[in-house]
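Chain lettering (A, B, C, D, E and F) follows the sequence in which the chains are written, and residue indices restart at 1 in each chain.
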Amino acid sequence: MIALFLRDLKLSIRAGGGALIGVLFFMTIVAVIPFGVGPDLNLLARIGPAIVWIGALLSALLGLDRLFQAEREDGSLDLLLMHETPLVLTVAVKCLAHWVGTSLPLVIASPLLGLFMNMDETAIAAVMLTLIVGSPAITFIGAVGAAVAVVLPRGGLLVSILVLPLTVPVLIFGVSATYAAVQEPAPFMPPFLILVAITLFFAALGPAAAALALRNSAE
Amino acid sequence: MIALFLRDLKLSIRAGGGALIGVLFFMTIVAVIPFGVGPDLNLLARIGPAIVWIGALLSALLGLDRLFQAEREDGSLDLLLMHETPLVLTVAVKCLAHWVGTSLPLVIASPLLGLFMNMDETAIAAVMLTLIVGSPAITFIGAVGAAVAVVLPRGGLLVSILVLPLTVPVLIFGVSATYAAVQEPAPFMPPFLILVAITLFFAALGPAAAALALRNSAE
Amino acid sequence: MSENSLAITKFSDLANPTRFLTLVARLLPWMAGTTVLLFALGLYLGFAAEGDYQQGETVRIMYVHVPAAWLSMMCYTVMAASAIGTLVWRHPLADVSAKTAAPLGAGFTLIALITGSLWGKPMWGTWWVWDARLTSVFVLFLMYLGLIALNRAMDDPSKAARVSAVLILVGFVNIPIIKFSVEWWNTLHQPASVVRLDGPTIDPEFLRPLLVMAVAFTVLFFTLHLAAMRNEILRRRVSAQRRLAARMAAREA
Amino acid sequence: MLLTAESLAARRGEDLIFVNVSFRLGRGEALVLTGPNGSGKSTLLRVIAGLLPAETGHVSIAGEGVESGSRPGEFSHYLGHRNAMKKELTVGENLRFWQVFLGDAPGGSAMTIEDAADTVGLGGITHLPFGYLSAGQQRRFAIAKLLVAYRPIWILDEPTAALDASADRMFADLVTRHLAAGGIALAATHQPLGLEGAQQLRMTGFAGVDAEVWA
Amino acid sequence: MLLTAESLAARRGEDLIFVNVSFRLGRGEALVLTGPNGSGKSTLLRVIAGLLPAETGHVSIAGEGVESGSRPGEFSHYLGHRNAMKKELTVGENLRFWQVFLGDAPGGSAMTIEDAADTVGLGGITHLPFGYLSAGQQRRFAIAKLLVAYRPIWILDEPTAALDASADRMFADLVTRHLAAGGIALAATHQPLGLEGAQQLRMTGFAGVDAEVWA
Amino acid sequence: MSHAFYVYASYVVTVIIIGCLIGWTWLDGRARQQELRTLEASGIRRRSAKPADETKS
């Protein structure tokens, strides 16, 4: 399993450039939004957490749809399916490697973007914390889409469409926990705990559903 | 050439379901945003153009990197390279097909999204106009990256570094032309003309550079 | 040879579309009749009743809006149940049921969305707000369309059914979000007043036509669903026979 | 070790590709599948590997070290049309990954990566990226993959495609040694593999349209 | 039609794979490349097709209807290890695309798609998606691609991989007919193709490190 | 605009959408039955009505 993790990580660093694409895309988004909002720094600070979260969500989508498709094209998927470790575990490990390869860099880059967006320290810390807790959920949900994409000749957009609606709860609670940390009356813990719960829920459901889809995609 | 155009179009439609998919994808992104930034209609109207442009960028990026790689993997690229039509033309046609298959539906759907984002008529018209003029530039830039990706078996990093920064000007002038159309003092024409110039520039440079990269990708 | 037909006989005992078709042929006219009667009754009750003092005439939108909204969720539930049938029992009729419910669900969701907007304009002063209930219904609509697109993108029907079943089940998380969004978030939208634990809080004058319309919509849904399932079965039968014919021709040649 | 298939049938799309295929393979026995293109050789191998569901019938495995009810796939190597190696990684990285990931099945032990590369006749080039090799060299390393993790059952789909004559002999040797050590091999092929005493199964293809459900 | 190669050399990475390869092929002549895995057969074919730059030497083509200075690639079909067909499209769509895109070279005319499919023995299944075919069926349709657009030169890299015995014969027939009609064929192969009177070229591989520049 | 407008608009929309659903289902059903009839007329019969041997190679 560790071997699989390391291989996937190596591949994403060497070939896909997952990390850098994500961060650059993220930066592009953050660079463009101020044009819409105008030079109003306060407003920027206010929508900052939301923008960072949305950016993280969208850039996680970029390489996710080929998580299993690349494996199928070179025949590796067959061997992964035949192996005795439960498929759920294999999928979970692949998700983890993908997360480390693409989402973690985003989390690490987020303080920088927070600065760009004129957010204060609490907000930055809160965004980082919620991202680190919430972004795995996005990967796990995306894995289901990626598994479905294996049967589709070309995944791409269709997968994103199927996946995005499911990520809405993650986004809602991630953003609202961040705002709760900044704005006084609202308590931080309830939405944050819900976020944790969502991540745990999808950590269980996502790989299981993806494994189910992969098993049924036999051809 | 028309055959190539039709084939590529058919492929992009067959795989995901076609124009509908682009629209759906876009709607999904737009539907996700309010969950992040909150239901403030004024704010939405203000960031609307930026969001629509980012959506266009994202959808162009999803799938563009495999423009030539898919051709190489099944061996079609060899035959395209051997054919007597100038390679630049072949590349341009493939770009066009990609644009028609993925970006055009977005352009067509953008008024609908403008309505969702509570934008007014001028803004909607301006977004549509800038998108139709500017989005081909993204495709052409992406084509260079896609061609480079074919050359380097492990060249993903380079592609992202190359492509995303180049798209930033397109995005910035596209968005600022839209805002100029809405907000009174700023004139619409200057940024719009720059956008046109950028697109023309990349329409010439992109296919040529991509063809050059492909010729040197021989292996 | 005999093993072949033996195996298949066992299979067809499990799921017998032929028997299903006869059943549908018997049921459909009755259900269609019931639908028409219920709609007549519901519309009569609805338009005979007084207008709401607060909402004025527009309360009549409720008689289509609320049943359609309920059905949009119920249809998804039907699909989720069929998805379980597909994955657990590999029942071919479950495949057909899930596939044919999606367009119907999309239709009812669209009705809920449009009538909701039409109600929102006079009541809230805007066609659309991005509050939790409205957006989650919109997301439901997108999911229906996505599932339809997914089904169209694959041409092996049984594989398509199994894969979309997985997605249907995962997407089921959206249903509780729609149902409870008004309670979890402060929204413009009305909280539940009919389907709630402590009994309906709505005026019986409005409740009666509403319930009749709800039943009418439900029967309409099942009528359409059965008919669509029949069509899908026929479609598959046609394609199976075409294939067989093509193979036979190839064999003789 | 005993691999048993009982009245297997499999479907591709709506067509039944074969019905009522049964066989038993014990230690040291091999089964060679032949038949024209599209007759269902690959399909049968994938059903045995557990990669395609059987329409009817089932495959089972028994022997020491095998819990009853195990999937045969867990004790098998599958060498398909595609090589299951990543172009971006070097040959060494690819082989090492599969060695660690697959691990040895009980009852045998595997070669080191260098030995396996030597065995397939390509000793010194494990440092090259897999994508830089010729078709035959790639296939040879895919065969080396069979050697770096022990599996009693080898499921081989046109293993000698793209191999030259000397590699063909090398491969026949490998399979013979695997059988002599008590292994089992199943191979689909269009060229004689040079295995003596192997059972033969000739596939014919298309056993009927599975239309009964809808008819 | 005359295809001439003069003292070709080609490089892969830093290695010179072959040096000083020359040949002339006129109407109706064929060249068969043999040699062990990795000896440079595919490399030579790709150089001739113009897909790899030659290190030294060059390939030229002459004949009626050929402007001087034309690239030989424009008058050639190249059948590589990969089939150049899209899995997502049906066989018919794939073939039609190549037929229209490639067009006929001057001096010959091609078959219709149905005829080509019949010729490779798979008449009735052009409506299936290419990805649904077995390995050999896919290869057969890749061969049918050679028939739907006329090209005087055929460059074939292990054309009979995955083909069954009857398809092998069918293919040998096709090439013979192509040669009889004045075509030229170059093929790299590990199995005898059954072409009579073809020139043979045995590749040996690795002709030295191309260190000249740095030495 | 009068409230009646919104009420009637929503009923009209509902009728249109439901009409489309019903119409599509009905037309689809007729087309399928037609297809089946042509198939049967052209001599292709249900497999269950056939001696099973014919389908085996």
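Criterion: contacts are C-beta pairs under 8 Å (C-beta built on N, C-alpha and C of every residue); 3 or more make two chains touch, one makes a residue touch a chain.
Because the structure is predicted, anything quoted here is derived from the model rather than measured.
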| item | value |
| --- | --- |
| Remotest chain, chain B as reference, centres from CA atoms | D |
| Top chain pair, ranked by how many C-beta pairs fall in contact | A-B |
| Self-contact between copies chain A and chain B, residue sets same or different by half | same |
| Taking each chain's C-alpha mean as its centre, the one farthest from chain F | E |
| Whole-Å separation of chain centres (CA-atom averages), chain B against chain E | 37 |
| Computed distance of Cα centres, chain E from chain C, in Å | 55 |
| Inter-centroid spacing, chain F versus chain C (mean Cα positions, whole Å) | 16 |
| Separation of chain A from chain B, taking each centre as the mean of its C-alpha atoms, in whole Å | 23 |
| Junction residues of chain F - those touching two or more other chains | 46-47, 55-57 |
| Numbers and ranges of chain B residues touching at least 2 other chains | 11, 14-17, 21, 24, 28, 31, 35, 38, 73, 153-154 |
| Shared-contact residues (touching 2 or more other chains) in chain D | 13, 81, 87-88, 206-209, 211-212, 215 |
| In the complex with chain D, residue positions of chain E that touch it | 12-13, 35-38, 42, 81, 132-137, 139-140, 158, 161-167, 190-191 |
| Chain A residues within the chain D interface of the complex | 1-4, 6-7, 10-11, 14-15, 73-76, 78-79, 81-84, 218-219 |
| Residue numbers on chain E that touch chain B, as the complex places them | 46, 49-53, 71, 73-74, 76, 78, 80-89, 93, 96-98, 100-102 |
| Interfacial residue positions of chain C with respect to chain D in the complex | 3-4, 7-8, 11-12, 15, 17-18, 92, 156, 233, 236-237, 239-241, 243-244, 247 |
| Contact footprint of chain A on chain C as seen in their complex | 87, 132, 135-136, 139-140, 142-143, 146-147, 149-150, 153-154, 159-160, 162-164, 166-167, 169-171, 173-174, 177 |
